[in-house]
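For reference, the structures are reproduced in the following blocks.
After this come two complexes, each holding chain A, first together with chain B and then together with chain C.
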Partner chain A sequence: MDCRFVRTTCPFCGTGCGMLLKVVDGRVVDTLPDRESVVGRGHLCIKGWSAHEFVHHPDRLTHPLVKKGDSFERISWEEAISLAAEKFRGIAEQYGNDAIGGFSSAKCTNEENYLFQKLIRAGFQNNNVDHCARL
Partner chain B sequence: MKTQQAMIDQAKSLLKKLLEDGEATAVFGLARGMGGVTAPRIFTMPDELDSLVLEPKWPLAKPAMEILRTAPGGYRLAVVCRGCDERALVELIKRNQVDADALVMVGVACSGEQASICLCDRPYPSKLDIGEAAHGVDPFDDPGVKYLLEGDTHTRMGRWERVLKRCVKCYGCRNSCPICVCDPCKLEGEPWVRRGIIPTEILSFHLIRAFHLADTCVACGACQEACPAGIPLVTLQHAMRRALREGFEYEAGLDVNEKTPVLFDFIQAPEKDRPIPDWINTLRD
Partner chain C sequence: MTNSITDLAGSKCIFIIGSNAAESHPIIMGEIYKAMDAGGVVIVVDPRRTAVAENAHIHLAIEPGTDIPLLAGMMRHIMDEGLYNAEFIEERVEGFEEFRKFVEGWTVEEASRQCGIEPSMIRRVAEIYAKADESAVVYCMGITQHVCGSDNVIALCDLTMLCGHVGTEHSGLYPLRGQNNVQGACDMGALPNVYPAYQPVADPDIRAKFEEAWGRPLSDKPGLTVVEMVRSAGSKIRGLFIMAENPALSEPDVNHVVESLRKFDFLVVQDIFMSETARFADLVLPGSSFAEKDGTFTNTERRFQLVRKAVDPPGSAKDDFSILCLLGNALGLNFNYESPADVMSEINRLAPPYGGITYDRLERQGLQWPCPNEEHPGTRFLHQGRFTRGKGLFVVPNHVAPKELPDEDYPWYLSTGRMFAHYHTGTLTRRAKQLDREVSRPYGEINSEDAAKLGVGEGGAIRVTSRRGSIVVDAKITDRVRKGSIFIPFHFAEARANILTNPALDPRSKTPEYKVCAVRVEKGES
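This part shows the complex of A and B:
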């Protein structure tokens, strides 16, 4: 049995509490608060305590899906990105650049949020970017 | 008093020998890893023990129990135990949650400073392998404990309400408690605890928990340390533990063969001259 405690940061909000994921034989099975974390200081909220539950959840989306009729079909990443780009370009051409905006997430890393706002500002050429935590 | 380094060296050689002699399949303790950060670790090779440390306090009884639950047959885990870890594991053995044969407890003494932080009256395990026992602290000398346990019913209820309404219902107390092992947990649904209500109902959440643990709590402090709202949860248990000690001469976690009076003494008629503990005297007003 290979069991280890892997240090990471809680993905659920911008606070960034430290936590340890218990990984047994390559599967994430439990979460413990990181007592050495300067942010959380050994504390987690209920989301953090349950953070391991989605990792191997059967309902989790693990690949792109496209809706055809009433059902979803699996497509490749290449197809998914091409399709999204084509649709966004179509919207911009028909309604103008301001017709597109984006909502990012507090669950993303700083780097991911940086790239996201760059996509909106440099790619779509507008400032319509916000995030889910500003509710 | 031994220095911290001497204690670590002693622990390393003792634990390496356990692995080398095949007395234990693995050792569960704390390791200083990358960037000098400490975390629990399972050591399976003797050389890995070079990164072993003994501080800071990190309750290991519950993760140890969970490791043993999924371990293959014949697995023996050596656990670096502070006094409270040892007492929690003894309680888990009593309740058939841990197989005593799969467990090797290596006892480490806490410093006097740690005892003062935890308000621990017994900062050492009964089987002390590493370090010297420091003097315990009487929790009832602490002003914070006195504030919450002294005064008439009305005063105390008001003080507890103010403290407990800070609860954000994270379930950290339940999750971190080494003794909280009920499945399903009474705190997870109707009728006791309503979903989506914060703060939670004081009587049905905090007092269910307190009474579930009344005869089992070893006052390790894991609940209080995990509480993001800073609720002094152990103070509830100090009162329960004192009542058991004074009423039944019983203390949880000391003897694996000693049965809890809550389950085994209830048919005895109360003795007439048995004093009512001071802390419940106010119930008569």
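This part shows the complex of A and C:
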């Protein structure tokens, strides 16, 4: 049995408590507070303690899906990425760059947010990028 | 926030307004308890007797949406009694004369008439806040989610500057951020008017810097906000890319939002679950959870902290960094980054306050911005000695009553918010067994007298209807809410509280008024 602990940061509120994920044979099985974390100092709230529970949930999305009529069908990553690029480019050509927008995410990392706003701004020469800070 | 979370423990007075930290930020509440143990006084302002109010020394249950009248009354008393910090204002703040006129336009009695708190109590809390050696203000969405939300914040800034309670270790302003990385998403420029580190898109020099770095022409025109983009679906906005957000549950008046989501020519949603929003997508991209990626989150005290990959994403799902790189390259943008650390070096170069934040320095404790270079230790509290803009500025806040108040047809106040066991739209927490066991059904808190009048018992069905829609929830009978008021958490997809809420916006911040709208409450069919 392979068992290890990975030091990381809680995914719930803005407090940012330090936590340890217990990983057994490639699955996250438990969450523990990190006593060395300057935030939290060895404490987690009820949400933090259960942060591992959704990770391997059977409802997780596992493949790119495209809408066909009222339902979704699996497609490959290659198809998905070129479909997205082609459709967005087509819309920008037909209606102008300002017709494209994006919602970035307060749940994603800094690096992902940086890339997201760069994608919209550099890709479509507009500033239609925002996220749920106000909600 | 201006200061650090653990600095709260040393505050002599903590003035909490529109935050239920005991449920929404329990670990920060721990620091508030430490302050109380050390003799600090905790004052809570909230129309509801929340968990934080129950644990405070003083609770002021104001009328919904009357924060500015209360604060104006407090500031009037502070001026009358000479309790303001004249030396601090003289040295460090501008605009006092005009501000003084605003405050003198109020009386404690008029404030009392509007906010429903006895004049003697307004005077008492004003004195406690002003006289304490170091007083901190803690606020959250109860302040910002009003049509005059940004003015509410301005009034709080005025109060801190009036008393000189900013720029020291245990004073300051603590807006508690709700999402793990809402601070970081703002810092990284996921906002329609600024590049990373709040550098304005309209500034030609700044724009030139990014054009050169990114090798593309950029627009000087601020873009649309979330709410504006949804409202422009199928007209101004035709193609939308949503990464891990769930507006079909989180926006006000969601019935209308759902109609809008259908109108986009092409909608891409990247998420880890088939969210209520993803169902409307033309293309769904499976992303990764926090346990499946490397990167950084920035918490509410401006601290960059590492997120580390523990396991692989399920099936053929990919981490969001890789998906963005693929899409960027498909759009011809040369997103040839090797790792998130590689992206961080670009951030270091283009965003001066984060210039010294490198992965190897984040290993243990993280780093708080501003941290302009690799020798800089990070910044524990802001505005020491001088404000970022040089001198502080008193701004006159403009009070605006909530846009929709109870009337004959809709005689109740509704406010929405979070509760201890669940989180935002519940996509994550409602899938956690431990949390589902705590609370698994949507509910609305109503007062015992109201429940008796309606003939509803604990757990009985109640129908709540606003001008925008109707939902059925379980009655939770508690005198934490006032008569004629109902509180509904918004985590539940089967009874979406945001079907009811009013999409009126603060004109400046574009924040919707979630905290006040008018509803009708009836006994429901179970």
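Please note the rule applied: the second predicted complex is superposed on the first by the 124 of 135 C-alpha atoms of A that agree within 3 Å, B and C clash if a C-alpha of one lies under 4 Å from a C-alpha of the other, contacts with A are read in each partner's own complex, and residues count from 1 in each chain.
Keep this in mind: a residue touches a chain if its C-beta (ideal position, glycine included) is under 8 Å from a C-beta of that chain, and two chains touch if they have at least 3 such contacts.
None of these values were measured; they are calculated from a predicted model.
K.L.:
Is this a clash or a fit when chain B and chain C both end up on chain A?
P.N.:
Aligned on chain A, chain B and chain C clash with each other.
K.L.:
With the two structures laid over each other on chain A, which partner does A:L21 touch: chain B (first), chain C (second), both, or neither?
P.N.:
A:L21 sits against chain C, while chain B stays out of touch.
K.L.:
Taking the superposition as given, does A:E36 touch the first partner, chain B, the second, chain C, both, or neither?
P.N.:
both
K.L.:
Report for A:M1: first if it touches chain B alone, second if chain C alone, otherwise both or neither.
P.N.:
First partner only, chain B.
K.L.:
For A:H63, decide between first (touching chain B), second (touching chain C), both and neither.
P.N.:
In the superposition, A:H63 touches chain C alone.
K.L.:
Check whether chain B or chain C contacts more residues of chain A in the superposed model.
P.N.:
Partner touching more chain A residues in the overlay: C.
K.L.:
Taking the superposition as given, does A:Y114 touch the first partner, chain B, the second, chain C, both, or neither?
P.N.:
second
K.L.:
Given 25-33, 79-87 or 169-177, which part of chain C has C-alpha atoms clashing with chain B after the fit on chain A?
P.N.:
Of the candidate stretches of chain C, chain B runs into 25-33.
K.L.:
Let me check the overlay on chain A: which residues of chain A are in contact with chain B and also with chain C?
P.N.:
7, 36, 43-46, 48-49
K.L.:
Which bits of chain A are touching chain C when the two form their complex?
P.N.:
6-18, 21, 23, 26-28, 36, 38-41, 43-57, 59-67, 72, 77, 80-85, 87-89, 91-92, 94-95, 97-123, 125-135
K.L.:
Would you mind writing out the residues of chain B in touch with chain A in their complex?
P.N.:
So the residues of chain B in touch with chain A come to 33, 37-42, 56, 58, 63, 66-67, 70-72, 75, 168-172, 175-176, 225-228.
K.L.:
Help me check something: in the complex, which residues belonging to chain A touch chain B?
P.N.:
1, 3-5, 7, 20, 22, 24, 29-30, 32-36, 42-46, 48-49
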